[in-house]
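Below you'll find the structures, each written out as C-alpha cells.
Below, subunit A partners subunit B and then partners subunit C, in two separate complexes.
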Partner chain A sequence: MVEYKPQYYPGSSKVSKNRKKYMDPSYKLKKLRTISDDDLVKLMGHRVPGEAYKSVHPPLEEMGEPACPIRELVEPTPGAKAGDRIRYIQFTDSVYFTPLTPYMRAWMGHTRYRGVDIGVLSGRVPLEMRERDLEKVAKELVETEIFDPARCGIRGATVHGHSLRLDENGMMFDALRRFVFDKKTGEVVYVKDQIGVPLDKPISVGKPIKEEELREMTSEYRVDGVPFREDKEMVEFVQRLHMLRTEAGFDPNRVKGI
Partner chain B sequence: MKVPAKRLNAGVEYTTGFTATAAALCYTIVENFKVNLWDADLVHAAVWGRYPQTMEPLGGNVSSLLSVPQQNEGMGYALRNVPCAHIALITKKNAMNAAALSSILEQAAMFEMGDAIGNFERLHLLGLAYQGLNANNLVYDIVKENSKTGTLGDVAISTVKRAIADGVIKPLEKKPSGYTAYTTDDLNKWNAYAAAGLLAGTMITCGSARSMQHCPSVFIYFNDLIERETGLPGVDFGRVAGTGVEMAFFSHSIYGGGNPAVFHGNHIVTRHSKGFTIPCVAAAVALDAGTVIYTPEKISGVVGETLSEVPELREPLRYVNEAAVSIHGGI
Partner chain C sequence: MATEKKMFLEALRKKFKESPEEKYTKFYIYDGWKQSKRKREFVEWGTKLAKERGIPFYNPEMHLGGIPLGQRVLMPYRLSQTDIYCEGDDLHFINNAAMQQMWHDIRRTVIVGLDAAHMVLQKRLGKEVTPETVNHYLEVLNHALPGAAVIQEHMVETHPGLVSDSYVKVFTGDDELADEIDKRFLIDINKEFPADQAAQLKAAVGKKIYQVLRMPTIVAMTCDGGTMSRWSAMQISMSMVNAYKLMAGEAAIGEFAFAAKHAEVIEMGTLMPWRRARGPNEPGGVPLGYVADMCQASRVKPEDPTWVALEAISMGAVLYDQFWFGSYMSGGVGFTQYATCTYTDNILDDFCYYGADYVKKKFGGFGKAKPSWDLIKDIATEVSLYGLEQYERFPALMETHFGGSQRAAVVAAGAGVAVSLATGNCTAGINGWYLSQLLHKEEMGRLGFYGYDQQDQCGSANSFSYRSDEGLPFNLRGVNYPNYALNVGHQSAHTGIVQAAHSGRGDAWTTNPLIKIAFADKDLKFDFTHPRLCFGKGALREFMPAGERSLIIPSR
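Right, the complex of A and B next:
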C-alpha cells in the first residue's frame, strides 16, 4: 500500500497552509483568552447559567432504541444520550483578514468535532449541536486563535457587517451594537447576547488581535494580502476539479490517468 | 373487499392499483351498508378525498406508496417519489435497510429515467452495490472504524485509505508543497467508494447526534473534504454537494421546506443527484431519536406500518442477498 498521510488542504501559499493547519485536528488551537462557562452560556442565550438542560426527547436509555446495527455501533454524544435540544452558535466573520472564512468554519468544524450541523451563508455561519455538546465546542471557538474579538461577531440575528469597512477602533459593523470597544481597557465587551438581548453584566472577550498578526494567521485570500491567483497550486487544484467534474459528467469511462 | 386482480396486473400505469382499490371500496361500502343515492357522494369523499378537484386524493382514506404521476418531476421519476419518512418506517428505522431500500428505488429509477444506460450503467450499478447494498462490507467497516470518536473528516480519510488499499486510486504527482493529487482508471468505482463513504459519514454524524437535520451539511462538506483530500471529484461528480446546498436551505430555513423526512428523490430540491443522496437521507431519518416536530410517524401514517409487514421491503438487504446467492449459485 502507498504510504498515505491525511492532507486536508492543497496549495502552497501562506493562506492555504493556515487553512490546512486549522483543519488538521492534530494541531492544537492556541488558547488566547478565557471566557467562563457561565458567560458563554449567557452570550448564546439559550438557557440561564445553572439551569438544567431542556430536552426534546427522553434520554436514550429510558426510551430504548430500535434494533439497528448502526445505532449499536455509533456512540451517541453526551447531549444526544440525554435528549438535549439542538441549539446553535452563529458567527459573522469580517472580510478583513479574520482567522476563518465562512467555508473554513464548516471544513474545520467537520474535521474537529463530532455530530455537528454547520451551514455556510454569505454573511453568517451557524453551527448546531445538542446543547451540552455545543457549549463545549463553542468554548474552543471563542477562546482560541480562530476568534478575533473585533472582526468576528457572535451573532444569532441581524448579522450584517462582514463586508463593511471597519470603524475607527477596528471593529466590524454591528447594527445591534452587541459588542463595544472599551477604550480604557482596550478590550472588546459584549453588552448584548447573540440575538441582541441586553446582558445584566458586560462580558469581555479580550483585546483585538493586531493587524500584522491577523495577516499572518488569516485563511482569507485577498488581493491586498495573499491573492488566490498567486497560489498556483491552488488554482491548478480548482481547475483540475472543475474539469474532472465536467468530463466525468460527460463520460466517466473516458477519464483516465489524469 | 375484493379487488379485481386481473385489472391491477393489466394496468398500463401504476395508478390502477389505487383507482381500482378505491372504486371497489366505494362500491363495497355502498352495497354492504345499503347507502342511498343521496349519501353515496359522502362515501366517495371519504375514500377518494377531494379528488378529482385535487391531483392527489387529498384527505382520502386509500393511499399508495407511490405518489400520483402528475406529481412526478419528470419521466421515470415514479420510484423516486417515496418520502424518506416512509422508507425509515417501512424498514423499522434500521439505518442499513433504510439506505438499501432507498438506494434500490433510486437506482432502479435511474434505469426508468434513462440515466443508467450505456456509459452510465456501471456508475449506477456500482453505486447501488457499494452505497446501497454494503458491498464488501465497505460502509459498515468505515462506520465501525469511526464509531466511537470519529468525525466526518475522519470518515473521509478512512474512505480514501480504503480506496488506496483496494487499488481504486493511486498517487498522480507530488506538488512542491508536498500535496499529492490522486488519480484513477476507474472513476465509476471511485464514485461508488466515495458514495459509500458519504453514507458512512451520514451514519457517523447523524448517528452520533441521533438527529436527522445534520445530513445536508454532510452532503456538502464530506464532498468538499474528500475532494481536497484527493484532488478527485466528489460523489456523483459534484451533484451531491450541490443537492446538499439546496437541501440545507430548505430543511433549515425560515423560508419554508421541511425536515429531512419529507424529502425524496422526486423533490424539487433533491432530485439532482442521480440516486446517491436520498439513501443517506433515509438513513439519517432512521437514526433520529425524536428531534423534529413533524415526525416520520406523523408524515407516514399507516403507510410505514402496513408496508413494514412485507418482509422484502422491511429487510431488503437480507432478501437481495438471498436472491443474489441463488442467482450466483445458478450461474
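Right, the complex of A and C next:
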C-alpha cells in the first residue's frame, strides 16, 4: 500500500499554495516578532502573569482514570494532565489580504495543534484549549508570519471590523480601540486586553506588514489580488464536491468511481 | 454590468461620504450614537421614561466597555427599488407598524371551503342553497366574525371600532356563480389577476367556493395562531344556524363545526413539533411556497419575474428572519441588522438582475432550459463569483454587508434565483444556492457564523432528497424543515428561489392557488403587491395599521 501523503489543499494559484503551506505542519512558520510570555498572558486576560493556573479537575494521575483504549492511545496534553480550565484566544482577520482567513485558522489549527476547539465565523475565530497549552499555541499565532499587527485583531467581544474599510493608518476598525497605531514608533500597540479591559501599560505587537508583502502571504482569493475564477482547479474541485454530495444525498448508488 | 449601471451605487454614495471604491476611511470621530437621529430620540425617551418609572432604562453608554455604538458611520438604509431611506432601527418590527401588519394579516387569515357545509345543508337537512342564501349568510357572518352575537341574547360583544378590519369574503372559479355573489363579498379573480393568470387560477379552483376569513388584528395581537381557525369556526357555525334557520345544537351543527375547524380549513401555517412548540398559524409553520403565494407582486408586474422574486424575498426576510428566528426562536434584537441585507440598498437586486441578464443572453429567456449539472454549475458559479467580486471591488459594499452571513445570503440568493429563472425549477434553484455557498467559503475562506455554515454544508446533500425528514419538495419546506430550523438568513432568499421558478415561467401561483387568491384583496391593511414599499412607509411612520386601542384607553 502506498504511503498516504497529505495534500492539504487543492488549487494551483499562489493563494492555494499559501493555504497548503500554512496547513502543512512540516512547514515552520516564520517568526517575525517577539512578544514576551507575560505580555501575551496580559493580552489574553485570563490570569495575571505568575499566577498559578486554575484547574477544573485534579491532575489526571491523581484521578484514577478508567480503563479505556482511547485514553491509552492518546497522550493527554500538559494542560489536560494538570486539569487546567479551558480558555480562549480569539482573532479577527480583515478581508484585506491578511495571511489567514477564518477557515484557514481552523484548518491550520487542526493540522498543527492538539487539543484545540476552534469555531469559525466570518469575522472571528475562537480557539479554545487548556490554559497552559493555549499560551504556547497563542505565542506562535501572534509571533509568526500568520499575524499582521494592523489587520489581525485579538478580540474577545465586539469583534466587528473584518469587512470594514481600513483607517487612515491602515488599521482594521475596532470599536473598543484595543489597539492603536503609534505614529512615533510605527508600531501597533495594545492598550486593552482582548475583552477590552485596559492594560497597566501598552504592549507593542510590532510594525504592520506592508501590503505588497501581505499580497504575497495571503490565503484569501480576491478579485484585486488572485481572482478565484482564475484558479480553475479550485473552481472545478468545489463544483465536483457539490455534485457528489448532491447525488449521494439523492441516491448513494448514483455515485460511482470516486 | 458596467460600474455606473450597478444598482447599489446610489445607496452606497448616500451611506458613506467616500467613493464606494475607496478602501480607507476615518473611524471614531462620529460622536457615537449622537450621529443618529433615531438614537437621539431613543435617548430622549429613555431618559424621560426612566424618571417616570423609577427604574433605569435605555442608556447606550451601557454598551461594552462604556464605548457606545457609533464608532463608525451609522449608515442609513434604502428600501430596495424605492426612494425611501431610513435608519436601521426603523426596520426592526417593533418599530415598524407595516411589518407588524404584514404578519398580522397573514396570521389572522383562514380559508374555509363552503362546499361541505352546503352539502350538509342540502343532502342531510334538505335545505335550499342558492346565491341569495349564500349572500345572506355572508352578511350575517360579516356581522358575527368580528365578535358579535347572532343566536344568543344578552351577549357581550366587541366594539366595532376595534375590529373593523375583520370580515369574510369568498371566491370561486365558477364565473356564473361569481356573478351572482354580492360584489361586497367577492374576491373577483377576473378583476384582480391578469387574464392568463386568472384562467390558471379558475381552472385550479373549479366550481368550488371558498371563504376567506380575516379575524380582527387585535385578536391576532393578543391571542395565538391556533385561535384563528377556532374563532372563525365558532362564528361560521353560529352564522349558519342563523342564516339557514337551524336548530342550535342539532347533530348536523357538528358537521359545520368539523368542516370549519378541520375538513375544509386551510391554515396559513402548520402545527410544529414540540421542540419548536408552536401551534398553527405561526410563522414557523408557513411553507416557503405559501409566503411566495401571499406576496402579490406577480399579479401586478408579471413581466418582471426578477422583481417579483425580490418582493417575495422581502416578505420572507421579515416573516422568517425577523419575526420567527429573530424573536420567536432566539429572542433579542440582532437579527434585523442581519435580515435587512436582502431588501435594502439594491444589492441583492443588482445580483439578481445580473443573473437574469446572464440567463436571458445564454439561454434565450426564462424557464426555457432543462435543469442539468452543466447549467447549474455555469449559472451558479458565474453569479456567485460576480457577487463576491462586487464586494471586493467596492469596499463600501463590503462594509454595508459587514457580516459574512449577509454576504453569503445575498450572493447565494442571486445564484439560486438565477438558476430558478433559467429552469423554472426551484429544486435546481436551491441546488445552485448550495453550490454558491461552497464556492463562497473557499473563495473568501470565510462564510457565515457556525450554524449558518453547518446548514449550507449539508445542504447539497439534501437539496434533491425527498424522503421524509430528509427532504421535501422545495416549495413545502420552510423554517420547520429540519435542516432549516437552525438559523436566520436563508428562508428569505429561499422564498425568492421558489417564486423565481414560477414567475419565470409565467405561473399564476407557486404552491397553493387558494392562498394566492386569498391575498388578492384590496381590503387587507398591508399592501402585499409592494411589500418593500410598504415596509418603507412603516419606516417613515406613514403606515396606518389596524388593531389600534385608542377607543378604550385614556387619550394622551
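One rule holds in what follows: the second predicted complex is superposed on the first by the 254 of 258 C-alpha atoms of A that agree within 3 Å, B and C clash if a C-alpha of one lies under 4 Å from a C-alpha of the other, contacts with A are read in each partner's own complex, and residues count from 1 in each chain.
The rule we apply is simple: a residue touches a chain if its C-beta (ideal position, glycine included) is under 8 Å from a C-beta of that chain, and two chains touch if they have at least 3 such contacts.
No experiment lies behind these values; they were computed from the predicted model shown.
> Touch check for A:118: first (subunit B), second (subunit C), both, or neither?
The answer is first: A:118 touches subunit B but not subunit C.
> Look at A:96 in the shared chain and tell me whether it touches subunit B only, subunit C only, both, or neither; answer first, second, both or neither.
In the superposition, A:96 contacts subunit C only.
> For the overlaid complexes, name the partner, subunit B or subunit C, with more touching residues on subunit A.
Between subunit B and subunit C, the winner on subunit A residue contacts is B.
> In the overlaid three-chain picture, which partner chain does A:104 touch, first (subunit B) or second (subunit C), both, or neither?
In the superposition, A:104 touches subunit C alone.
> A:157 in the overlay: touching subunit B, subunit C, both, or neither? Say first, second, both or neither.
Second partner only.
> State whether A:31 touches subunit B only (first), subunit C only (second), both chains, or neither.
Neither subunit B nor subunit C is touched by A:31.
> Have a look at where A:130 lands relative to subunit B and subunit C in the superposition and call it first, second, both or neither.
Once the two structures are laid over each other on A, A:130 reaches subunit B alone.
> After superposition on the shared chain, which partner residues are touched by A:176: those of subunit B (first), subunit C (second), both, or neither?
second
> Is A:248 touching anything from subunit B or subunit C once the two structures are fitted on A? First, second, both or neither.
The answer is both, since A:248 touches subunit B and subunit C.
> Taking the contacts subunit A makes with subunit B in one complex and with subunit C in the other, which residues are shared?
103, 119-120, 237, 241, 245, 248-249
> List the residues on subunit A that touch subunit C in their complex, please.
Going through subunit A, the ones touching subunit C are 19, 95-96, 100-104, 119-123, 157-158, 160, 162-168, 170, 173, 175-177, 192, 196-197, 219-224, 227-229, 234-235, 237-239, 241-243, 245-250.
> Could you list, by residue number, the parts of subunit C that touch subunit A in their complex?
The touching residues are 18, 22-28, 64-65, 67, 69, 71-72, 373, 377, 381, 385, 388-389, 392-393, 395-396, 398-399, 401-405, 407-408, 431, 434-435, 438-439, 441-450, 453, 460-465, 470-471.
> Spell out the part of subunit A that touches subunit B in their complex, as residue ranges.
Per the touch definition, subunit A meets subunit B at residues 1-2, 4, 6-12, 16-17, 23, 25, 56-57, 60, 63, 65-71, 73-77, 79-80, 83, 86, 103, 106-107, 110-120, 128-130, 133, 233, 236-237, 240-241, 244-245, 248-249, 251-253, 255-258.
> Given the complex with subunit A, which residues does subunit B contribute to the contact?
Where subunit B meets subunit A, its residues are 92-96, 119-120, 122-123, 140, 143-144, 147-154, 157, 160-161, 164-165, 170-172, 175-177, 179-181, 183, 185, 187-188, 191, 203-205, 207-211, 213-214, 216-217, 220-222, 224-225, 227-229, 231-233, 237-238, 248, 252, 283, 286-287, 289-291.
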